[in-house]
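Structure below; questions to follow.
Chains: A, B, C and D, in written order; residue numbering restarts at 1 for each.
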Amino acid sequence: MGKLFAVLLTIITIVSATIFIRHTWWMPPDISMHGVRIDHQMAETMTASGILFVLAQLVLAGFVWQYGDRKDAPAVKRFPGGATPMVVFASILVGVEILTLTLVGSKVWAGIYQSPPDSGSLHIDVQAEQFAFYFRYAGVDGAFGGTHPEMIDDANGNFFGLDPANDTTARDDIVSGSLVIPVNQPILLSMHAKDVGHAFYVPELRIQQDFVPGLVIPLHFTATHTGKYELVCTQLCGLGHYNMKAYVEVMTPDQFAQWLKDQAAQQ
Amino acid sequence: MPESPHRPATYARETAEKITEIKHLPPQGFWRKYVFSLDHKVIGKQYLGLALVAVCTGMFLSWLMRLHLANPDLAIPGLGKLWPNGAPGGVMTPEFYLSLMTMHGTIMVFFVLTTAPFAGFGNFALPIQIGAEDMAFPRFNMMSFWVTFLAFLVLVAAFFVPAGPPISGWTAYAPLSAVGKDAGPGQGTGQLLWAISIAIFCVGQLLGALNFIATTLDLRTKGMTLARMPYSTWAWFITAVIGLVAFSVLLPACILLILDHVAGTSFFIPAGLVISDTLQPHTGGSPLLWQHLFWFFGHPEVYIAILPGFGIVSQILPAFARKPLLGPRVMIGCMIAIGFLSYMVWGHHMFLSGMNPFSATLFSVPTLIITIPATIITLLWIGTLYGGKLRFTTSMLFCIGFVSVFVSGGISGFFLAQPSIDVYLHGTYFVVGHFHFVMGVAAMFGIFAGTYYWFPKMFGRMMNETLGKWHFALTFIGVYCIFMPMHYLGLHGDVRRYSAFTDEYMKGDMPLHRFITIAALFTGAVQLLFLYNLVRSRFRGAPASENPWQATTLEWTTSSPPPFDNFGGHHPVVTHGPNEYGEQGPDGSDHIMQTAPAGR
Amino acid sequence: MSARVEPVSTPARTGVWVGIAAITLMFAAFTGAMVVRRTEADWLHFRLPPILYVNTLVLLASSAALERSRARLEAGTQWLAFTLGLGLLFVLGQILAWRNLATQGLFLATSPSSAFFYVFTAVHGTHLLGGIAALAYVLGRARRAHGFAGALGAAALYWHFLTALWLGLLLLLTLQL
Amino acid sequence: MNRFLTPTIGALALVGVATAASDAPAARPAAGTISGTVTYTGTPPKMRPIDMSKEPSCASQHTTPVMTENVVTGPGNSVQYAVVYISAGDQPGPTPTEVVRYDQKGCQYVPHVAVMRTGQGLEIYNDDKTSHNIHPLAKVNAEWNKSQPPGTPPIHASYDKPEFIAVKCNVHPWMHGYFAVLTTSHYAVSGNDGKFSLAGLPPGKYTITAWHERFGTQSAEVTVSDNGTATQNFVFKALPY
């Protein structure tokens, strides 16, 4: 009985760990400037906790194998040294690991969320709503028009509630359903929500951030590879949550300039 | 560590006087005996019964969810008749999936993982384990159960309102949960019923926690010092303290949510929201305020679900390893430390919520620090097995299984505790896998272990061990097949709470989703073995002796099931700790009962 | 058990202390929410209805009456009944305060400040009704039999806590509204 | 603001009509026709291309970009999707038994405006490969909000009270349409040339109303003689924003 269970536990442990080690399912290749450090942190954590996981499960299985079904065995054995040395050892081991991970990890975190955006960033206004994302570029005048919730009119394509009748800066704003960005240029997003909470998640960009109604949240990153990627919502926002997405198109600067021109003509 | 008999029992109190004060007579008549009973044992069983109904409901909902995830276009015959709006022609709508998810989460977290390990087993066993006749406030105790039952009815009523149950998840983030029907079907009456149900539930659990605390502090029998208290009693006591704080905060949060819903206030709803083309008439509220209040409750809630499991496992492992628990004081210290730390970490649910990024680091550190006591506890269990004479009863198997899944779930917490990795994993299936292992499966294993362990004491009959072992083995394989793959999905960026996967990069993971669905259906079906075993053993099981497991604690010194006043008119006097296994007992056995004559 | 010592605490007393902890936490949560919410622009300042100060005196008097009643247990229960009456008077006064606000056009949803006022007073009032029920229970027991000192002590502890809580709330509301 | 007010005013007007209509005299031989054109003066808002990229299964159904339909104009300043109907002087007649069909196709509502009598049946179909969500924002009638996964049976509905109901899909924010619930059987929706025609009208004096989701309502008094044809044009004032 005990031996059977020990074997079962060992098999489960080895299969689980192998799939992790072989990267059968893994993060998609990173396309961001900051992602390298996240991937590094992930690898470190995976190694450390992977060893702990396998070790703990196998020791558990080993004890179950060894000490099970001993009807006529001699008197029980105490754990060598009692609890104290083990507790001290575990505290130091885990403590050191925590300290290392925190020191390195908080730097990575600070690099993404606490660093100021590059002054030459391309500024894009992002609105999340049930159940789509809309992106606004400032247009030729380089200024965003003001937004007025009471003027939002989805039927007419006025997703941001612009007031072009009275606000001249709003007239050339470019609104798109895809996030189109030039490669290797810092991007600064101003994120706000029209209705309820949403989130911005592009796995390849290694970035995720909630939209909070009533707040404008800045987020900045730089994409390093051109291509078309999927942006999805990760904060439960209602019935269409599963279908709330947009595409991120990373273009060369020339392509991006052309795209802007084409869009401006349509507005 | 056995208690030294020479040590003055400073905490021991003369309890006989008090017991006469609260003494009540055995109940007469059906209603007093089984329904509105004041007896803690009946109330404990009532809680467990409620949890059983709730867990069956919750599992049925998860089956529907998994079926939908495996094939969103699947038409399930008959479902369209049951829910014409939610599943027209048997095909589930996205909002129906979300309402299943919301109800599954709410039912499981509140009505299973809070009621069964804490209120259920705690009510049944705590007073007996400390040698009391009953809880300190039997009337409050009865109210606690019936209020909780009412909360359950109110929640389930949401299935029967026209627009269906709420769709905003068990966390009910504002403003989605606060603005009413404009936010989607079920967000009107359904969401309101949810908030009322949870508020009522808080009242029930506060009454329960108050009872647990007062009982543990004041009703311990002679010689039952704090140091001699069984570890399960310790765990319930600590859980009661955590629960008292947590539910005291959730209740006001729910009151404010209800007011936003029905009275037009703006606690959680900011100005200028346009939902369903309607400008919402609210100003200035803060969605983050709800998140802070909710998670201040929500994280400790995880420990409310799991700490009783810690206690149960710490109590049962030594009994079936036939040797004392390693480092009992360290164990208790770690449980207290976890309870304390659980109030400093709620922000790790909100790393990406838009709160100040600096506070992410602040919340990350205590979260990681919690791994130290958690690791120590795990090592103490594993160390307890070393050199023992393991008896693989079903209860013992579930305890070892508990350790295994707790390790698995705990280690994935290591990733999520770091903001820099949470940036990638937040909102993915990795989180789902993590909390189901650590909070769902581990806590359930604790409940199973407790059931197989205390069933003889509750009903005077043994459960069937063969069925039990099959139940354990298949469940153990099943849960790993369900929840380990969720970690892989999360690593690949698959988003949780999606009713279907329409994104290209997630479509490729459908085979894995189908695998999980098959595993979930299988594991669910295995639980029918348990149900059958429960029902059969209740009526046909072999009669149980007073102490079938050769355990040391007080509940095993009285008959199975115990008489109305637990000890048949006398009060046990405690002379030993709960941990004296593997020692020559006075009667030649390998353990010393807590009530054994003092001088060895 | 010859040398009987008065127990350090009775379950009733412990229970009240635990309840006090829970109620305090609950109000702490409300206060936290209020502090967060107060920074927004839609916070409307208004003057508290003057009757609140009268109510405060009534509640203080009820606490004093309760102590007097405990000091003269043998003399009968009239002071206890008096406490009960003052408690009811306080609740009545709170309702008058609400009506006063309503006539000023300040309703629950008018502003977060008025919302918090109603919430604080309503939740406190509900707990006070619980205290009145407890006192009534003790009064009923006192009329029937002796040996109610323990229950009265616990009820008194709860009652004084509610008085103190009200003083705290009044201070908070005065400062914040 | 206009967007919110228009349906309400329309509904109020209809309620008035409904009560007036019930006093109408008994049936007369049907004969006359009112026709005309709906046009605008000024500059109307531009039709904008709809970005459907988030729903590839719909985007692939369209070769040219789909334009917004809230103001659709044609040659000669014509206005499409104006509902022209008899708002007074008509007798209601029996509720038609045929069912009005409303389709969701390529993430658009077809037709953009569905006109129906009070109490008339309505069937909503999802012809797409994606889930839609039909949310008619009724103010006078009962509001409902239902999802329709692909391959599920049509949703049946009907409305008791006259109202212009904006219809939206919560999943696809650009999808907007209207239900026009009327108490008369004499109505028409202007075509791309702005033309409409109300046939089969007994001789008499009528109030005829044109309703447009953005431009609002206009009414006129028209007299129809035996077998006669009357002409009534409507001109809306348009602003670019």
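Convention: a contact is a pair of C-beta atoms (placed from the backbone, for glycine too) under 8 Å apart; a residue touches a chain by one contact, two chains touch by 3 or more.
All figures in this text were calculated on a predicted structure; none of them were measured in a lab.
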**Request:** Indicate the lowest number of steps between chain A and chain C, counting one step per move to a touching chain.
**Result:** 2
**Asked** Two chains share more C-beta contact pairs than any other pair here; which two are they?
**Response** A-B
**Message:** As a quick test, compute the distance in whole Å between the mean CA positions of chain B and chain D.
**Reply:** 55
**Message:** Using mean CA coordinates as chain centres, what's the gap between chain A and chain D in Å?
**Reply:** 45
**Message:** Rounded to a whole Å, what is the gap between the Cα centroids of chain A and chain B?
**Reply:** 30
**Asked** What whole-Å value do you get for the distance between chain C and chain D if each is reduced to the mean of its CA atoms?
**Response** 61
**Message:** Could you pull out the residues of chain C that touch at least 2 other chains?
**Reply:** none
**Item:** Numbers and ranges of chain B residues touching at least 2 other chains
**Value:** 93-95, 184-185, 271, 276-277, 284-286, 500, 502
**Complete:** Residues of chain A that touch two or more other chains sit at 129-130, 150, 154, 238-240, 243, 245
**Prompt:** Can you list every touching chain pair?
**Reply:** A-B, A-D, B-C, B-D
**Item:** Partner chain B, residues of chain D touching it in the complex
**Value:** 3, 130-131, 133, 135, 137, 143-153, 155, 166, 168, 170-171
**Message:** With touch defined as at the start, can you tell me which chain B residues reach chain C in the complex?
**Reply:** 13-14, 16-18, 21-22, 136-137, 140, 206, 209-211, 213-215, 217-219, 244-245, 247-249, 251-253, 255-256, 259, 263-267, 271, 283-286, 289, 292-293, 296
**Item:** In the complex with chain A, residue positions of chain B that touch it
**Value:** 93-95, 98, 167-169, 171, 173, 175-176, 179, 183-185, 187, 269-277, 279, 284-288, 321-323, 326-327, 330, 352-354, 357-358, 360-361, 364-365, 368-369, 371-372, 375-376, 378-380, 382-390, 392, 397, 400, 403-404, 407-408, 411-412, 414-415, 418-421, 423-424, 426-428, 469, 473, 476-477, 480, 484, 487-489, 491-493, 495-505, 509, 512, 581-582
**Request:** Report the residues of chain C in contact with chain B in the complex, numbered from low to high.
**Result:** 1, 4-5, 7-11, 14-15, 18-19, 21-23, 25-30, 32-33, 36-37, 40-43, 108-109, 112, 115, 119, 123, 150
**Item:** Residue ranges of chain A touching chain D (in the complex, touch as defined)
**Value:** 129-133, 150, 153-157, 159, 163-165, 176-178, 238-240, 243-247, 266-267
